[in-house]
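Each in structure tokens, the structures are laid out below.
Consider the two complexes below, in which chain A is the common component and chain B and chain C are the respective partners.
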Partner chain A sequence: MLKGVTRLVSRVHKLDPGHFLRLGTQAPQSLAAHLDNQVSFESPRAISCTSENDPAKHEEKHEGQHYNLPLQDMKTIFPHGLPPRYAMQMKTFNEACLMVRKPALELLHYLKNTNFAHPAVRYVLYGEKGTGKTLSLCHIIHFCAKQDWLILHIPDAHLWVKDCRDLLQSSYNKQRFDQPLEASVWLKNFKTTNERFLNQIKIQEKYVWNKRESIEKGSSLGEVVEQGITRVRNATDAVGIVLKELKRQSSLGIFHLLVAVDGVNALWGRTTLKREDKSPIAAEELALIHNLRKMVKNDWNGGAIVMTLSQTGSLFKPRKAYLPQELLGKEGFDALDPFIPILVGNYNPKEFESCIQYYLENSWLQHEKAHTEEGKKELLFLSNGNPGQLERLCAYL
Partner chain B sequence: MAAASLPAWRRLQPGARTLRAFSTAASPTTLPGNPRPSTTERTSRFDRPPRRKALPPRTEKMAVDQDWPSVYPVAAPFKPSAVPLPVRMGYPVKMGVPMAKEGNLELLKIPNFLHLTPVAIKKHCEALKDFCTEWPAALDSDEKCEKHFPIEIDTADYVSAGPSIRNPKARVVTLRKTEDWEKNKTEADMEEYIWTNSSSEKNILETLLQIKAAEKNLEVTKEELLGTKEIEDYKKCVVSLKNEGDSENTLSQYKDSVKRLLNLT
Partner chain C sequence: MAAPLVKAVLGSSDLTLSVRSAVLRFPGFTQVRWSRYSPEFRDPQIDKDYHRKPWAELTEEEKFERELRKTQPIKAARSANTSSVFEDPVISKFTNMMMKGGNKVLARSLMTQTLEAVKRKQFKKFHAASSEEQATIERNPYTIFHQALKNCEPVIGLAPILKGGRFYQVPVPLSDRRRRFLAMKWMITECREKKHRRTLMPEKLSQELLQAFHNQGPVVKRKHDMHKMAEANRALAHYRWW
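Right, the complex of A and B next:
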């Protein structure tokens, strides 16, 4: 009964002393497009949400608070790359709220002060399972998208080293293997994200696909991407061309490039792919991986490289491994060195409280004890402040 | 009266050696001049030939400046009658003193070096000199020795007080020698991480050179870069990360040093 009263109260935008109201999103949930422009006229006492929706303006005082990402933007910026459970939550609540946390704030600070003449700096987000590395990466990507950077987002590099069905021998280099399916899927998503850049960037070299087809110097990057999507056989080579051109041209200063790789430890790990004679394929024999490795090297300037380490999809790594050297291995560490490691940890008490408030406000926690102090303490104990674990626990309540 | 019966029993067996006299106390005497009875008959105590008197110990005949190596020429157990020192060993009873050397099992049990006095060792060396040749005059420095004789074996000896003369650490012998194939030792074989000529060094130098090039500061050379304090710091952090593994501490140090190097706030 109390829940019905809350909903009624929230509809009329009155301040209810018993429950904190959320700012800015009290309109009927279908009008998601207007969320950005809505002026917040609720009380600023809410501790779980902030009205500051521009990541560029996020500061320490916003730490622990959720900010809203407009759903339209989510479709463009994140056609791939959201963690699956978060995507489900987004669908359920019909809105996307991300918590502003310290690691992301730190990274934002560095990115704001990037010197684009210097070689690209590499940042590595690491932490235990479920602490929020991927979502922090999404926060950064949102910021860069708002700042009009070109986003090169590889949602999960582990997907490229396991369970690939068709492996073709690469036409460009006989020793390497192509992955047409993965490459074409990625090209589609890349196109969705960076539509506006594709016509502006012109390639600076002539590429020959085969005897009959080639692409001339000066044509736009969009054509390369189209070629890759339509001709799936050439998709991997198209990806290679895109990466090469972007790297070359970002140094010219026309655009800023953000390379965001999730699960970068896949690049230097083992694969589960085998040739026809059942001999295993090493990671560098895959053309996609080879090109991506070149991309995360810091021999270009005009942007930044943000990566996360992930044990979740990784192959042949123990479940408790989360430290950089464990997951990257010697080869990976040497390739990424020097980088800035940023630890993403569990929720601190303020963030935990904010998360619980957010769930309560969205009526996600239905258990009667959920909003009591003991209930919160129990949840804190059970999840140990781990965001992923907390989310899974609350799903049952 | 076990002491008296023992010698009598011994005498019954022909050819048996007499027991060494452990005490200077005189044993009961028999009548002198008794002929040896035949072995088949039981003899009475008075028919037995007299037992030899225990001789005074050798120590009483020793001069102060005697030739000790001839008393103990080889390793031998402790003979209280042959060692003229008033040694006492053992745990004393209440209001007592440690036991004297006569009949003292403790002194027998422990190893002794009575055969290795400095005098004895000098004599050994003198004797061995006849079998030695001269040190070659050409090998007058360590480097020459190492060059011609590259194999070195290190042994260690340990001296300590304790119940045992053995020390397991003394069994460790080190062989030092560099073979040609050891030069092919790759980075994967290295026991610990060495920063010079590693890929980490290359990476950081390249990065810094690019930064300098971007700032139009081309006069800086590699050696100068290597000498700066930030690079030293970075080197230490990387070495500790590689050798000790990841931990919050090492990672945060590494992070700070990279931030300083790349001039990030």
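Right, the complex of A and C next:
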């Protein structure tokens, strides 16, 4: 309590008197954060933050407001998958706050009303660069994690189709290629997220790793994951087994499965990987990609598939491309058809104001002119309401 | 041959090349940077508030000045000078000095990354400190930058004076602009030369700026060395004639 007051006092000295006169509110700004969000006067905390931290209860009225994610949850739910600049911001502010926006609210509404008997519905988040597709995906993942779904999160599919140092010929199928490093890293993160499910799910088939090692029917999925992490050569096959088993067993109803893929256009694009004789490798010749394509097909039920298109990491796609047809190509679009497209756009004026208020609350905007109306108008003009651009601008102001 | 030469001398005042300014800044120095503008060209007024002031609020002198500007030709504004509220002439000058080969995009991005790095470091320190210390920690990267450069400015400089066949380092007073230039130059040279091959410029520059802000570090040390040399050579001060 005392610390809050002293922090408030130091903040009071930082803000100029004109700021207070304009707001018309005095001391209880940070104290209001602890109170319910039904404050009658328009304090900046009421515009920018809400105390409703459960994604299941987010409604239209929370649109534009930031909610707090506990840092401990962030470590378990998101060992990978946060955008790098957001991770830096989390480290700097010592807190993780996410804005509730319309596309995420729409998706939450659909997910709450999913019929688990029907085949899994595919949702595709698309939009221009920097509009917040990955963070909307993170919002959805947080919601599903809170609802105790099993999260299958591929942080960036583009990382699997480029810059791979060691490609092995797959032992399972001679035509395909293994990527041991990427697969083992993913398995480690998968284990961190879904620790509690790994012992409950039992595999329903016997798998033989090599002449000496095999895994029996009825052993837990945790053992498969362990085998993949310790024996890096078999990591890709372990990933394949995990995906196959989860797809088979999600219809049984023991758990709900969320498949979240960021940068799904990598699955149907070109790769920059080459064989020893310098001939290019197509995407389907990579075992990880092949298995993921099967996962993203809607021939299973008991969950949902949420995907994001991304031009940023993509290969051989023009910078301005953001529509599903442009990024997925004919093959990808036909494979994903039918899907529900959700457009993620720039900030509207209310969201922009909320974002600026959030930065001001955390004293991130240190430049004196950034507090003024002129400064805000200029930031709006320079960023055009694009969340990514705004974040980069405010970083050095 | 004399007649054409005289004509050339008389004809020079009609050319747009500016004449050497009547007041020489230093007896030892000649003006090297010529301007394509002749002397009657006025500098552009970039400040938005100057132009937004309504006519009724202006004083008599300001009204006269406005009317006068309508008759005078004005130079074109530089593309790097904006009417943005966030514009800072010191930062612009530093960015220009960091620029290599005309790559302003790179220089500006390095500058913004440096300011961001300074801010993040200060925030980290802020969150780690106790509440009494938090009031003393400065988080504004612009104040840190300005204060650091002010701390690096030398008060007195040295000039090489030729006397009796030998060059002596003589202590001389420095003008404001020379001091600012030297502070920026030392900062940039220090960061370019004394850094590991793998560290990036924003990282090194932010480190040096923070050290200079607290009056420590190699750039402030260089300033002190300059002062000590000037103090040691103070007997030679009478060699200066200006």
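Heads up, the rule we're going with is that the second predicted complex is superposed on the first by the 353 of 397 C-alpha atoms of A that agree within 3 Å, B and C clash if a C-alpha of one lies under 4 Å from a C-alpha of the other, contacts with A are read in each partner's own complex, and residues count from 1 in each chain.
Criterion: a contact is a pair of C-beta atoms (placed from the backbone, for glycine too) under 8 Å apart; a residue touches a chain by one contact, two chains touch by 3 or more.
This is a predicted model, so every value here is computed, not measured.
By the touch criterion defined above, A:Asn301 lies against chain B but remains apart from chain C after alignment on the C-alpha atoms of chain A.
Look at A:His367: by the touch rule set out above, it reaches chain C but stays clear of chain B. In the superposition on chain A, contact of A:Ala117 is made with chain B only, not with chain C.
Of the two partner chains placed around the shared chain by superposition, chain B is the only one that A:Leu323 touches, whereas chain C remains out of contact.
In the superposition on chain A, contact of A:Pro341 is made with chain B only, not with chain C.
In the superposition on chain A, A:His109 contacts chain B only, with no contact to chain C. Those residues of chain B that touch chain A in the complex are listed here as 198-200, 203-204, 206-207, 210-211, 214-215, 234, 238, 241-242, 245-248, 251, 254-255, 258-259, 261-265. Across the interface of their complex, chain B is touched by residues 109-110, 113, 115, 117-119, 121, 298-299, 301, 323-326, 333-335, 337-343 of chain A.
Only residues 3, 6-7, 10, 13, 88, 92-94, 363-364, 366-367, 369-370, 372, 374-375, 378, 395-397 of chain A touch chain C when the two sit together in their complex. Looking at the complex, you find that chain C touches chain A at residues 84-86, 112-113, 115-116, 119-120, 123-124, 127, 131, 134-135, 139-142.
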